[in-house]
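I've put the structures underneath this note.
Next come two complexes built around chain A: one with chain B, the other with chain C.
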Partner chain A sequence: MSVLDSGHGTAKPEADAGPRVRSGRRCTGAFRSAKEARRYWMLLAALVALGIIASLGLLLYNNPVPVDSPSFIPVVKRRLTAVVSMFIAALCHSFATVAFQSVTSNRIITPSLLGYEALYSVINTSTLYFFGATVFVRFIGTGSFLLQMALMIAVSLILYGWLLTGKYGNLHLMLLVGIIIGTGLNSVSGFMRRLLAPSEFDLLQSRLIGSVTNAKPEYFPIAIPIVAAAVFLLYAFSRKLNVLALGKDAATTFGVKYQASILYALVLVAVLMSVSTSLIGPLTFFGFLVAMLSYQAAQTYDHRYVFPMAFAIGYAILTGAYFILYHMLNSATVVSVVIELIGGILFLTVLLRKRSL
Partner chain B sequence: MIQIRNARKWYAEEVKIGPLNIEIPKAGITALIGPNGAGKSTTLLMIGRLLNIDEGQILVANMDVTTTKSRDLAKMLTILRQENHFVTRLTVRQLVGFGRFPHSQGRLTREDEEIISKYIDFLELTDLEHRFLDELSGGQRQRAYVAMVLCQETEYVLLDEPLNNLDIARAVQMMEHLRRAANEFGRTIVVVLHDINFAAKYADRICAMKHGQIAAFGTVQDIMKPELLSDIFETKIEIIEGPYGPIAVY
Partner chain C sequence: MTVTGNATAEAGIASQPPLSARNKIWTAPFIAAVLAVIALGVVSLFTGVYDIWGREDGWDMFFITRVPRTLALMLTGAAMAMTGFIMQLMSQNKMVEPTTIGTTEWAGLGLLAVYLLVPGPTLVMRMAGAILFSFVGTMVFFLFLRRVRLRSSLIVPIIGLMLGSVISALSTFMALFFRMSQVVENWFIGSFAPVQAGRYEFLWVIVIIAVLVFLYANKLTLAGLGEDVATALGVNYNRLILFANALVAAAVGIVAAVIGNIPFLGLIVPNLVSMVRGDDLRSNLPWVCVTGMGTIMLCDIISRVIIMPFEVPVSLILGTLGAVVFILILLRQRKMRRL
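== the complex of A and B ==
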């Protein structure tokens, strides 16, 4: 197999290296062995099946009207809104978090660090604070959705443009500034919240906890094409992301334009996070939970396989959690709380046992 | 040929590297030696375009490293740093395969696979090729990284202290591999070394640096002089003739 003839310099020990059977050509797959590739596809199929079963359950189970009634379909249609928004949220968070972690070569951070959620909370709190409950209740619909999304994308573009290009050109500085801006915005909205009347606060609270019931079907014609485009572009960028995950120096050595590439990936991440946050509200640890589990499940570095796995896990978790809590425990509102709790615990576990990253 | 013309780097008012002027000829191994903080790594990183040059110009095979397209440069020049951020769930073979990225943009052809196998065998990693990087010892991992940069098949290979953290046997083995890469594949290797005796035995040329300047550049015989080395390292160094050439004793 060796192209080199022996007899030069050092002795080559591979001749007596044992009867390692290597049938046919040696090649570089995304997986270590055929067995791991099989395990990947089986796991992916199982997760997709789980996601489909949970979504069907959410759509059809416990329908108050009988199947043959004419109002059966409208009920399903109304429930479909929630399922579609779960689909979008899972897609956004899984792709955004995996790409973000690879670009920053860091697996214990999430794009939420860049302050999207803080900004979302400031926009909503200040609407209520400055304009009162009547305006706040009407501050839904396509206009406000687009406004929130545009603001979040604009802020992240300013942040990237300022700190990633030109004389700073430093990813870690950008993260740090992002965290500080996020904390600052959170304190601002926290301050305004303290001055609200309890009834107003109650109105606000329901919107500040991520929930698929926040989503309105009229957002979908805008959200779906944007998300589809960003996801497609990120997936097409997989091979570059594989190299970028090796870090700045290695990527440069392999001829990748580092600054331009991370800027491109981060803009797509910003778009996905903004759509998801303005659609259903903040989900801080969800993306982290999904990314962490997908690395364990996929057992490969290759983004072409990590992305689908992350999405399948994210969708199965969201739909599964909603189905269980809604239909079995009758408490739909706490879904994101439960997901955040599990995600937060996992985050701490990983942080404390960093070796298993 | 690597041409460095008046290249400078300012870290601070007191810490300045350069102006550097040197022409490193093609083929063979050139060792960069010198005390800590002399600017060896800085010089190497500037040639490898991982560090911006504040003033001056560096040409590798007549390509200006600051203005040439990174992708074209990646087919001519590669550099390996001391510490490498390593990704989990990455096997040796997958890592070495990244060396083909400048040529195939991540879509490995049959030809690429053969080249990958060649360098895995060359660095004696054949039986480890499907191990994850975190399952290797330090020396094995270092060999995997060297296999990766050789797999890039560039004329110029820059290595920043590849012997760092290797024991004597591993260090000798690594230098033997580099020597063979230079001889058999005709690569031009520039390597930062801390041990003068390794430089004396394996390099063709030695470039000695001190206080951010090039103090001396020449063949092993030219540089292995007691006065010269004592002055550069500010320690008394004697040279004795050993069985494999001059040996520095300090």
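== the complex of A and C ==
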């Protein structure tokens, strides 16, 4: 592949990555030209339309009861749960990943690496292991949802506070320690799972396999305000993120309090990731896929424009994939696996084309 | 962790030993370490539920399962520790090993591919698949390392772990698609429980690999100085990298096919050895092998004793302990400002 690339040589390997020096009018806007701005808005509109069509399709298509029957609305309501959870998942992953990549000035890592899934499975497994099946069955509903989220956020805060602040603060070290803690926790929960009775194991298994389709609607009143607040705060933080994405030295030169700012952004990322994980379970490469596509689509570095684009893409992908796989191919179970696979392959190609990290 | 106290003092001396002592392997501490490993081996031989003294066929059982298991442990421990050591040398990065750059996941993918292509494959076929795929995987990563300019040495394991999860996502997808999840699930938990006479003999190939590594130790050390220095000193760098990767892939592939996934051993053992002894690479090699054997036997004994009539897969113990030790190593390096 690399031979082919160098053969076509000068094509434009990184041309769309950096701002070009243009003759004529000088501007400091988010887009390089009016044409690109137009392209952005058209793409955004198209993606939003796609998302709306797919969600309408998910809600209404192939409804087993006729429209005039009284049970039509309940069916739609049940399907609405899945669509709402897709909305939340897309919002969480797109905002969290874009912000995380900017804060770390690295476009090929995702916040899912930090071991939220592992923590989720440890929390559930240890509840069952230490308190037994009766407590575990009652460990459900809004209370446990809040508790899980609080635990995940607390652990992230401890991790950040410990490794990111002070004299030895080092972002990469924090990431690596996070990943390793994740693998270690996986081993711990695997260890505890080995010691469970088969009947208890069955109870646990159903809880650990998360999916968009079995999110609980009673979590929404808590999840939606939290996500909305975090998303709003991140969006309001866009201009700082623009500077933080330039790296530590540049950001400090521009007068941003580096450590405080990344800590703030990472806390918001942790909130979003833990809501998403406790709601629908793990999705490792979905955020990566979304962020990568949205940088390509948005053609700008300004987070005020990248965020909405990322969300529109994420939502269109999730709803579209569910609609196609569920109604056309009749296999809803593999949706997350397919998304993960495509994201993973994209990751590999991006990785092998990178020149510096 | 008692060693850490005098580690720095020792490291200062050990990294520049007098010329005469450089190639001396059988020093008093090393003999003590070998004796400790032999003692662990004896403990491992006599750990188990089956009563070998009382029962009539006790000694048959001893030679059918206990002896093979202990030998398999020693061979696997040496192999995994050595692969980690070689990979760290080649990549000039202390945090590279089969788990952190995805080699094990590639081996798993290879196993799965063999299961898909051949119904009911033999052990040789499975091994061939695992070796081939781990070779490809290791080469992919080294290719990536050579092309990319890195800002921090910590990026390498981060990218490697992500690469590993991509590959395991691929395996999961294939497994789900072809209804083979159980194979993947079973493989990812490495355990020595099924080891018995007739099922582990391929691990002896590791001895050949170990001999090759010892023969080429000097050249590998040169390659560890980087492409420019190695070439200037008359080493064919590219060929040596290929050769080293082939050795690594062979060891990882064999262990993957026979035992399963053994996480973190290749990382913690070489790091602990170089913490105590400094970076005298040549004389560290036997230490790495012996420490690897000792560590895995200790973990295996724990895994057999902890819920006595039953046992836990050793990879879970290693995964937990390994993560803790890895983090301790990272933090220690942070304090020493080496990052």
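The working rule: the second predicted complex is superposed on the first by the 292 of 357 C-alpha atoms of A that agree within 3 Å, B and C clash if a C-alpha of one lies under 4 Å from a C-alpha of the other, contacts with A are read in each partner's own complex, and residues count from 1 in each chain.
Simple rule for what comes next: a contact is a pair of C-beta atoms (placed from the backbone, for glycine too) under 8 Å apart; a residue touches a chain by one contact, two chains touch by 3 or more.
The structure presented is a predicted model; accordingly, all values stated were derived computationally and were not measured.
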Can A:A245 be said to touch chain B (first), chain C (second), both, or neither?
-> first
Does the superposition put A:Y295 against chain B (first), chain C (second), both, or neither?
-> first
First (chain B), second (chain C), both or neither: which does A:N186 touch?
-> second
Please work out whether A:K216 is in contact with chain B alone, chain C alone, both, or neither, and reply first, second, both or neither.
-> neither
So, does A:T253 touch the first partner chain B, the second partner chain C, both, or neither?
-> first
Partner chain in contact with A:R79 - chain B first, chain C second, else both or neither | neither
Identify the partner contact of A:R39: answer first if only chain B is touched, second if only chain C is, both if each is, neither if none is.
-> neither
Dual-contact residues of chain A, meaning touching chain B and chain C, are 357
Where on chain A is chain C touching in the complex?
-> 106, 108-110, 113, 168, 170, 172-173, 175-177, 179-181, 183-188, 190-191, 194-195, 284-285, 334, 337-338, 340-341, 344-345, 347-348, 351-352, 354-357
Chain A partner, complex, touching residues on chain B are 48-50, 69-75, 78-81, 84-91, 93-94, 96-99, 101-102, 105-108, 110, 113-114, 116-118, 121-122, 124, 126-127, 129-130, 132, 149, 152, 173, 176-177, 179-180, 184
Residues of chain C touching chain A in their complex?
-> 95, 99, 140, 143-144, 147-152, 154-155, 157-159, 161-163, 165-167, 169-170, 172-173, 176-177, 189, 263, 307, 312-313, 315-320, 322-324, 326-327, 330-331, 334-335, 339
Contacts from chain A onto chain B in the complex sit at residues 1-4, 8-10, 12-14, 17-18, 20, 25-28, 30, 32-33, 105, 239-240, 242-243, 245-247, 249-250, 252-257, 295, 298-301, 357
